[in-house]
Amino acid sequence: TKGAAAGALPDNIVASKTLTVCSAVNLPPMEFFSANQKPEGVDIDLANELAGRLHLTTKIINIPFAGLIPALLAHNCDVIMSQLFIKPPRLKVIDEIPYMYSQEGFIIKAGKPKLKGPEDLSGKKAASVTGTTATDLMKAANEKLAAAGKPPITIVLFPENTPALQQVQFGQVEAYGVAYETALYYAALAPSQFQVGGDPYFKILTGIGVSKDTPGLRDALTEQLAAMRKDGTYAKIFTKWHIAADMLPE
Amino acid sequence: MKPPRISDERLIELTGIEKWFGKTKVLDGVDFHVRKGEVVVLIGPSGSGKTTLLRCINHLETVEAGQVKVRDELIGYRMRRGRLVADYERNIAYQRREVGMVFQRFNLFPHMTVLENITIAPLKLRDVPRQKAEEDAMELLRKVGLPDKAHAYPAQLSGGQQQRVAIARALAMQPAALLFDEPTSALDPEMVGEVLAVMRDLAGTGMTMVIVTHEMGFARQVADRVVVMANGQVIEEGEPDRIFSDPQHPKTRALLSAVLH
Amino acid sequence: MHFDWGYFWSQLLTPSGAFLHGLFLTVLMAVAAQLLGSIFGLGVALCKMAPNRVLRAVAGGYIWIIRGTPLLVQIVFIYTGLAAANILRFNDIALPGGVIFPGSVQAGILALALNEAAYMAEIYRSGILSVDRGQFEAAKALGMPPAMMFRYIIMPQALRIILLPIGNQFNIMLKNTTLVSVIGVSEMLLVTETINSATFRTFELYAMLALYFLLLTSLWHLFMSWAEQRLARSSDRLAAPRKTLAGGKEAAA
Amino acid sequence: MHFDWGYFWSQLLTPSGAFLHGLFLTVLMAVAAQLLGSIFGLGVALCKMAPNRVLRAVAGGYIWIIRGTPLLVQIVFIYTGLAAANILRFNDIALPGGVIFPGSVQAGILALALNEAAYMAEIYRSGILSVDRGQFEAAKALGMPPAMMFRYIIMPQALRIILLPIGNQFNIMLKNTTLVSVIGVSEMLLVTETINSATFRTFELYAMLALYFLLLTSLWHLFMSWAEQRLARSSDRLAAPRKTLAGGKEAAA
Amino acid sequence: MKPPRISDERLIELTGIEKWFGKTKVLDGVDFHVRKGEVVVLIGPSGSGKTTLLRCINHLETVEAGQVKVRDELIGYRMRRGRLVADYERNIAYQRREVGMVFQRFNLFPHMTVLENITIAPLKLRDVPRQKAEEDAMELLRKVGLPDKAHAYPAQLSGGQQQRVAIARALAMQPAALLFDEPTSALDPEMVGEVLAVMRDLAGTGMTMVIVTHEMGFARQVADRVVVMANGQVIEEGEPDRIFSDPQHPKTRALLSAVLH
């Protein structure tokens, strides 16, 4: 069956023996640069495993989050592995293979009171990265707040994770709306600076982005993912990064 | 036989001036004075230091040794803790108002009309009301024969006209003395006469003047005293008739024979 | 992927409110930074030419550092680095009327202005140095103190010379505002990227963005050409002698 | 937060391998883009001065668009926009020896070079126009066709004039490489940012980054001063008449 | 009384030339020819079109009407579909090699030595081997009296020397004719003689030459024919003795009386 799946791969992938992965490599623990500038994280491990099973090697291309789908559409890469949530507008332009759940949360400064949900940020400033779901969730919260006659959240957009995080660090914003996994990571990395801003308030299926032009690749990846889940490699990776809660159910 | 309009008061007094440009000594122990009402003409070969001496009087050049006094006041220096130190630019600027200067190349302000050129200093430095300043300026323009050019710009004037405006501009600050550095040498020959005429009139009114010039005929006419420089030193001085008819120093003789022929 | 002309035209001709706000921020930051930079740059230029050698060294060092490092680094340094070092933190300011002046915009304007000052300083300096020495001497001989000399005699003449380079600087400034997107100021580029991350009409959106910048810079270019022509005309008056002059006529000229 | 001098010095004096690689990429991109831009810019300049009006219009339009839009927009447009529109896609190229030449670096170099070409074109043009008309006529009168005239007569004289502006352009180019970080090229700025996102020593890291850029630009400045002096010395030969000349001596001069 | 060295072949022939600069007609139906071996001197008041006419001969100026032929070949145009159209720059460049030009302001290439100035065209355009080109150049330098300046740069030469190098440079392409546009008028008076001497020698060797000059004595000596222009037209022509002693056209008379006194 492996041979059949590999046979359906696009010619250029077969020829180059390389799976090119677009990722916004700035969002630990999903994907980030290690001290010696090597990309690592959940998505990276998964990508390596999947590619290996297809007799390919991975190549990571680092692109700001808002540029990921355009890059895939432009065939600058074969897949997106960058904690890309599965959302209807995205499915209109690309295919997504579900591979995990993601949760949304906040990073806040260490020592500050925790939030119950985004509505607690009413009248305050919160950072988020352009093009991420956190932005949309806060916008939705603003609509609720408006209906309740409360002042909205001031959303400050950043092109990248780092400057957004720094806003929390320097107290320029109250909170940074980001993946719950990332919040956990930073709270563990620098507990004197950051803490997780409360329980996750949103959970969504997350997928590997594939171009609609390459159904063969999509099917091959889907097949290998299923195999990984069966033989336990999948669980191993999630456990390694302390986010077993995000695994797809059996 | 000093004319009676010259008082004994020494308006300008330079003693022991030394001035270096890099490694060349340009003024070499110059003593020089001008009495009130006197017209002094400075002559000397090119490079002898005439321009430099003139510029020392209103501190456009600093000196390495010696003193410059105007009305008995030290120019460019003040006492601090018993020692002479360079004065503030503001104070030097204040002192310069005593002495007007007319340059070889006129140096009118090209972005201002003739009237503005003349009134800017009284308006901004002496707080004269505008109307009074303009009336005074028109009076000066009549003196130099240019009342109809009040609203012209410098570039619209001939060289001779520009130099006359420059004289009017210097006079507008009502200085105690006027310094002229070869005021006609950048002019076309037709225009020299009109500027010299204005200077002659000025001398007649008892204005104190120091004039560097190569116009020996004019020098002889207006000078109360002629000072001859060579190699940064004053080599001879005296009444013009004496200097021109009976020069003592060989360099003076050489200079005059070169210029007069 | 085909070029979606309909989308392109609709975005170009009826830009969204967010985009217009980005346009506004772009122009606001460029104008504010240019004004501040021009003022501060004049100070730097005067220091660079001051008799005091300490002042000269400080101004020289400032110019050296600013011109020797990338603006993008300066922007990040000022907004993030200074806050990280607890030196300066940009907080939002609530203006009367409920308008908020965000800290990132303040930082962006400051960084652009500090950068601009170094370039403006060199422009001023070359303008001032190109004024004839005789003008300095004439002003001094009249008894003008330095400040007055600069104000009334030197600067008016220097400004004629440097109008063109200043115009070029503002053109550069308009484009440099895009760099402020990295600290999260939603100027035109960041707004475009945000719109793109929802619509994925990348090519159309960037084409539109480029056209808007082209419009801004070209309008400015037209304005500068006009200003230069006016100046040339008024310089004619300063350079070309007229044949006949009557007081009244001249006053009107 | 205090300034951690130990960290600062260790990063400055013993930068990590990743940072050095960023430094290498910065210099590589700047040099490559400057070379390409200089060549292409010459072509644009010649077109702008060609007798053919279509060529002139195309070159003029190119310069207008490039100079009228921000470099940052051009970079994103070329990397993302062109690929999105299926016009041009930058694939990694494997060089012999196993070195990979990433697509984003290719796009960055191309964008920088295309941008540079517009500025270089104007520099060439003003250099060529400042060569005395008599030189053109003398070359024509000898029967030289246009290409030969430019190659042997005009360009050697124009190059002397434009050496200084070209030097300035490369200084700008060095700094402009930071903008390529937005398409994910790990040049010095992006490397610094990723190191920062793990260590949070923001101020120290940016101070170090600024110093490295200052070093690069200052070294370049020194080199240019030296080159200029050499040129001035060889121009002396062209300008100042000597009193006595003997064939042998001159040949050695 | 045409000297025997002049053949009857018309080397250069201009017919009905009209040239406009904007709204002014600078050449107004000029017919002009030069025979092989002939020395023609063009004179005329300033602005009469002498320079323009000379420049038309090697197509440094385009013309609005008329034809320029060198050795019976049309310069600057070619036939396409039965109509004359502007020729390619490459072809025009090729045609220009027939006619050398010496400019008022010499226009030597400042970045090349004298030797390089002279050899560049033969090397690049006629593919002469370098050694041969340099030998020929040295021969030419001997002719113009400057063999020791081969390795000097133009800026190291006096005006007269530069102009002689310019003549050698033009000769190095072995043109059929040489055009001179006031070759001595940018020279200091001391240097005029040396350049005229070289031109006189050249005329003696049977070189075809067209010379615009104000040096009437020289013109009378070397010219086989003098052509007088005024207002863009040829108003008179003939042997120099006749023109100078008995000018027919009133404008010629006015010109000669102004120049000769």
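Chains here go by letter, A, B, C, D and E, matching the order in which they are written, and residues are numbered from 1 within each.
The rule is simple: a contact is a pair of C-beta atoms (placed from the backbone, for glycine too) under 8 Å apart; a residue touches a chain by one contact, two chains touch by 3 or more.
Keep in mind the model is a prediction, meaning the values are calculated, not measured.
Minimum number of contact steps separating subunit B from subunit E: 3.
With steps allowed only between chains in touch, the distance from subunit C over to subunit E comes to 2.
If you compare A-C with D-E, the chain pair joined by more contacting C-beta pairs is D-E. The distance from the centre of subunit A to the centre of subunit C, with each centre set as the mean of the Cα atoms, comes to 40 Å.
Distance between subunit B and subunit C, defined via averaged C-alpha coordinates, is recorded as 45 Å. Rounded to whole angstrom units, the spacing between the C-alpha centres of subunit A and subunit D is 38.
Looking at subunit C, residues 1, 76, 80, 84, 181-182, 193, 200, 202 sit in touch with two or more other chains. Of all residues in subunit A, those that touch two or more other chains are 64, 67, 70, 73-74, 159-160, 166, 169. Looking at which chains touch one another, you get A-C, A-D, B-C, C-D, D-E. Within the complex formed with subunit A, the residues of subunit D that make contact are 16-18, 21, 76, 79-80, 82-84, 86, 89-90, 92, 100, 102-104, 182-184, 186, 191, 193-198, 200, 202. Of all the residues in subunit C, the ones that touch subunit B in their complex are 132, 134-135, 137-146, 148, 152-153, 156-157, 160, 237-242, 245-248, 250-251. Partner subunit C is touched in their complex by these residues of subunit A: 64-67, 69-70, 73-74, 89, 93, 125, 127, 130-131, 154, 156-160, 163-164, 166-167, 169-172.
Put simply, subunit B touches subunit C in their complex at residues 58, 60, 89-90, 93-97, 100-101, 103, 105, 107-111, 113, 120-121, 124-125, 148-158, 166, 169-170, 173.
Interface of subunit A with subunit D (complex): residues 20, 25-26, 32-37, 59, 61-64, 67, 70-71, 73-76, 159-162, 165-166, 169, 190, 193.
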